[in-house]
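In what follows, structures are represented as C-alpha cells.
In the two complexes below, chain A is the common chain; its partner is chain B in one and chain C in the other.
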Partner chain A sequence: MQVQVKLFAFFREGRFIKEDRELANGTTAGEVVDSLDIDREEVGVLMLNSKHCQFETILQDGDVYAIFPVIGGG
Partner chain B sequence: MADMIFRVNMSDLSTTLEDVPADWAGHGGRGLTSTIIAAEVPPTCHPLGPNNKLVIAPGLLSGTAAANSGRISCGAKSPLTGTIKESNAGGTSAQALAKMGCKALIIEGEPKDDTWYTLRLTSEGVTIEKEEELIGKGNFAVVDALEKRNTESIGVISIGQCGEMQMASANISIKDPDSHFRSCGRGGLGAVMGSKKIKAIALDAGDNKVEIADIDAFRAANKIFAKALVDHPVSQALGTYGSNVLVNIINESGGFPTRNFTQGQYEDHEQISGETMHDIIVERGGKPKHGCHKGCVIQCSQIYNDAKGKYKTSGMEYESIWGLGADCTVNNLDDIAEMDSIMDDIGIDSIETAVAFAVAMDGGLLDFGDANEMIRILRDEIGKGTPLGRVIGSGAGNVGRTYGVTRVPVVKNQGIPAYDPRAIKGIGITYATSTQGADHTMGYTIATEILAVGGKADPLSKEGQVELSRNLQIATAAIDSTGMCLFIAFAALDDGACLPALIDMLNARFGIALTADDVTNLGMSILKTEHAFNLAAGFTNKDDRLPEFFSLEPIPPHNAVWDFTDDEIDTFWDF
Partner chain C sequence: MAERYTRNGFSQAEQILLQRATIAVIGCGGLGGRTAELLTRLGIGSLLLTDPDIFSESNLNRQLFCNMETIGQAKTTVVAGELQKINPGLQISAFVQAFDAGSIHGADVVIDALDSGNARKQLATLCRQQNTPLVHGAVNSWYGQVAVEQPAAPLMDTLYPESNGSTTPPNVLPMTVALVASMQTAEVCKYILRQKSPLQGKSLLQCDLLHCQYELIDHTP
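== the complex of A and B ==
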C-alpha cells in the first residue's frame, strides 16, 4: 500500500519534507517512525489524515501521515 | 526603597507618588492593571473619554534576574471591545519600571486642548513635557529621538500615528533591546494613550535595582526554573523556528483559518511556514534566535533580513504571519515582513488588522492575495488616517459593518486569531468567554488540543473543553501577573519542577509564603474582577458567543461547525 509521509521541523534534517512510501499492509504509525530512525521520545504529535493518531495506529492505503517533534508557540 | 504608584493627571498636568495600597501589594502585571481599573474606572465610561485610565505595570518578578520575566502589562477599558483589557509585551520597559520602583503608572484625565506631551519617568517620579517634534511620526523615529534626548539605554513606550488618531486597533509599542518594537497589540490601547495626548513615555531607571528579600533562595529557585525552560523541547523549537513553527501543524490539523475563515487549510502553507522562514533568515545572514528582553532563555524572536541582507523586521509571530498570510492568502514572507515592519512603525495590532483586511477582501474592497494593495493601504491610508484607513484601522468588526459582510470573525468586536474554533473547539470556548474578546493567549487550549503538551484533548470533540479553557484561563491570569512570558507555560505544564520554582522565586522576592493554591486563587480572583467590570459595563452572557456563521458554515477538511449550546458555554463561569 502507498502512504504519504510528511515530516516537520528538525525531523526534516537529513530526511525529507514529503514522500510517498510503499508500506506493507498492517504497518503501524510507530513502525514508520522507527524506520526513519526517529527516536519515539522526540515525537510530539502524529496526525493521520489531519487527525491525531497513536504509535499503534495501523495505516491504510492512501493515508496522509504527518510526524511532528515536540513543538509549541502561540 | 518601597515600590510606589506613579500617578499622572493629564487634565491638570499634575503628578504624584503614592504609597501602594495594601489591597494592591500582592498584585503585579495584569492582576494589578485589572484591579486598578476595576477600582477606579467607571465601567460605562467612554474608553476615549476623560474617565478612562491607562495603567501600565511591570510583573511581580520584572526587573529581577528571573528568566523570562520581562513582560509589561498595559490595561484600560478597551475602545475596541468595550471590556476591561490587558495587553502585555516584552521589551525593556517592564525591567526599567520595576527597577525605578514603579509598581504601576496610572494615567488619568485628558488635556482640554490639542497639546501633546511626552512623559519622563525616573525613580524620583514623573515629569510631563510638551511634545511637538514627534507628533505625526512613527515609532522608529520616536525611539531614535528619545535616545538622542536621553541615552541609548532609555526605555520607551510609544504610539505611532494610529494611536494619535485614536484608531480602535492602535497598539502601544515597547522598545526592545535593539531599539525595535514589541507590541501591546490587542484591544486598541494605543488609542487610549492617544486620547490622553501622550505620544511617548521615556523610562530612565538609572542604577537602581530591584530588592530581593532572600537573594540566595531566589537564585536557587531561578536556576531550577531556567533549567526547566531551557530543557523543554518546545523552548528549543521556539528558538529555532519561532512561534511560526505552528503554521504547518495547525494547517495539518485542519484548523488553520484561510481566506477569511472559509477553509481550514492553506495550499501555500509551506511558503509561510516556520521551517521556510528559518531557512530564509539563515540564508540572508539574519538571526533565527533572538530575545525580546534581557534574561529570556527561550529566544523565540528573530531578525529577518530582506533579500539584500538588510534588516527588515523582528519578532514576527505566528498569528501575524497566519493573518497576513493564510487569512488574506498572501504566500510571500517578504511581503508579510514588509507589512509587519510598517505596522510596527505606525503602531497598529497585526492580528486585528490582518483579520480586518481579510474581511475587507471578502467584502470586495480588495482582492485576496493582493499584498501590494495591502502594503499601500497600510502606508498611505491607515498610516495617514484617510477615511478608508480609519475604517480598516478600527478593526475587523468595523470593516464588516461598513461593507455589509456577514462572515466577520470577532468576539466582543475583537478579531479571532489563527485557530479555527470549529475544528479546534476548546479555543472557541476561550474566544467566547475571555473577559477581553477573542484572544488565544487568554486560555491557550491549543497546547492540549493540538500540541499534546499538558495532556491531550480531541480538538473536534466538545468533551472537557469548557473545563480545559477555564483551567487555562485561571492559570494564565496568574502567569500574566508575574511578568513571565506565557511561553513558560509549556515547561510548567510538563515539568513538575517549573511551577514550584516560580512560586519560590515570588516568595524569595517579597519574603512571603505563597502556595500553589494561592496562585490558583489569584488567577480566579483576577478573572472574576474582570468579569464583574464587564457585567457592570453592560455585557451579559449573550455576549459570550461566537458569530453565527461558525454554526452555519462547515469548515473543510473536517467540515466541522461550532456546536456548543449557550448553556454549555455559560457553565464556564461556574467557579
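== the complex of A and C ==
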C-alpha cells in the first residue's frame, strides 16, 4: 500500500518534507516513526488524514500521515 | 489619540480597547521579552510579568533585554525597567518567581513564553481554571509553532505528551524567536480588538524558516 508521510520541523533535517512511501499492509504509525530513526520520545503529535492518531494506529492505503516533534524552547 | 499610537492606524476606540487590556506574560526570556516589548509599543495598558530567572550569557543570542550589563539581573526586573522607558504610563506588575494562579489573575489574555512542556501544561491548566485564553508559542532551531488555546478546547496536553521527559535545552535561533513572538503578539492584538483569527482555538501554525514553509494545522481531535 502507499501512504504519504509528512514530516514537520526538525524531523525534516536529513530526511524529507513529504514523501510517498510503499508500506506493508498492517504497518502502524509507530513503525513508520521507528523506520525513520525518529525517537518516539521526541514525537509530539501524530495525525492521520488530519485527525489525531496513536503509535498503534494501523495505516491504510492512501492515508496522509503527519509526524510532528515536541517543540518546547522559548 | 496620543501621538505615540498614531502610526498604529487603529481607531480611537480600538486603541482604548488595547489601553484597557491586561496581558500576563509568563516567562520573560526570548519569547516573553519580545512579546512584552511589542505589547508595550502596541499600546497595551497593563502587563503582568513573571519569571524566576536571571539573565545568563547563553541568553545573549536571542533575549532582547539581555546584554553585558544585565547578565546576573532578574529578567522581570530588567524587562519592567526597559518597558517603562518606552512608556512611563504602562502599568507593570513584575514577579521574580515561578508562576502560579496569581500570575495570571485579572489578565484578559495570557502569553505562554515558557521553555518546558510540563510548565506549559501547568499554565494551560491555570488558564482553563480562570477561563482565560492562552497564546502559545514555542521554538526549536529554525522551527516554531503558535496556537491560541481557548478554555473549552485544550491543546497543550496534545502537543506535550506525558512521555516526553527531555531536559536538554533545545537550540533556539533569534530570528525564529522574533517571528514567533510577533505572531503571538498579533494574536493578542486580534483577540483584544475582537477580530477573528484562524488560530483562535482551531488551528496550530507551524513555521519552518529554513524551508520557508508556514502551515495551518487543524488540531480538532
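Following the convention adopted for this analysis, the second predicted complex is superposed on the first by the 71 of 74 C-alpha atoms of A that agree within 3 Å, B and C clash if a C-alpha of one lies under 4 Å from a C-alpha of the other, contacts with A are read in each partner's own complex, and residues count from 1 in each chain.
Throughout what follows, a contact is a pair of C-beta atoms (placed from the backbone, for glycine too) under 8 Å apart; a residue touches a chain by one contact, two chains touch by 3 or more.
None of the values given here were measured: they were computed from a predicted structure.
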item	value
Touched partner set for A:His52, first chain B, second chain C, both or neither	both
Contacts of A:Phe68 with chain B and chain C, given as first, second, both or neither	both
Contacts of A:Arg40 with chain B and chain C, given as first, second, both or neither	second
Which superposed partner A:Arg12 touches (first chain B, second chain C, both, neither)	both
Overlapping contact positions on chain A, where the chain C interface meets the chain B interface	8-10, 12, 17, 42, 44-45, 47, 50-52, 66, 68-74
Contact footprint of chain C on chain A as seen in their complex	8-10, 12, 17, 40-45, 47, 50-52, 66, 68-74
Interfacial residue positions of chain B with respect to chain A in the complex	233-234, 237-238, 240-246, 248-249, 252-254, 265, 270, 274-275, 300, 318, 440-441, 444, 446-447, 450-453, 456, 458-460, 486-487, 490, 557-558
Touching residues (chain side chain C, partner chain A) in the complex	27, 29-32, 113-117, 120, 137-145, 158-161, 163-166, 169-172, 177, 206, 208, 210-211, 213, 215, 217-221
Chain B contact footprint on chain A (complex, rising order)	6, 8-10, 12, 17, 42, 44-45, 47, 50-52, 66, 68-74
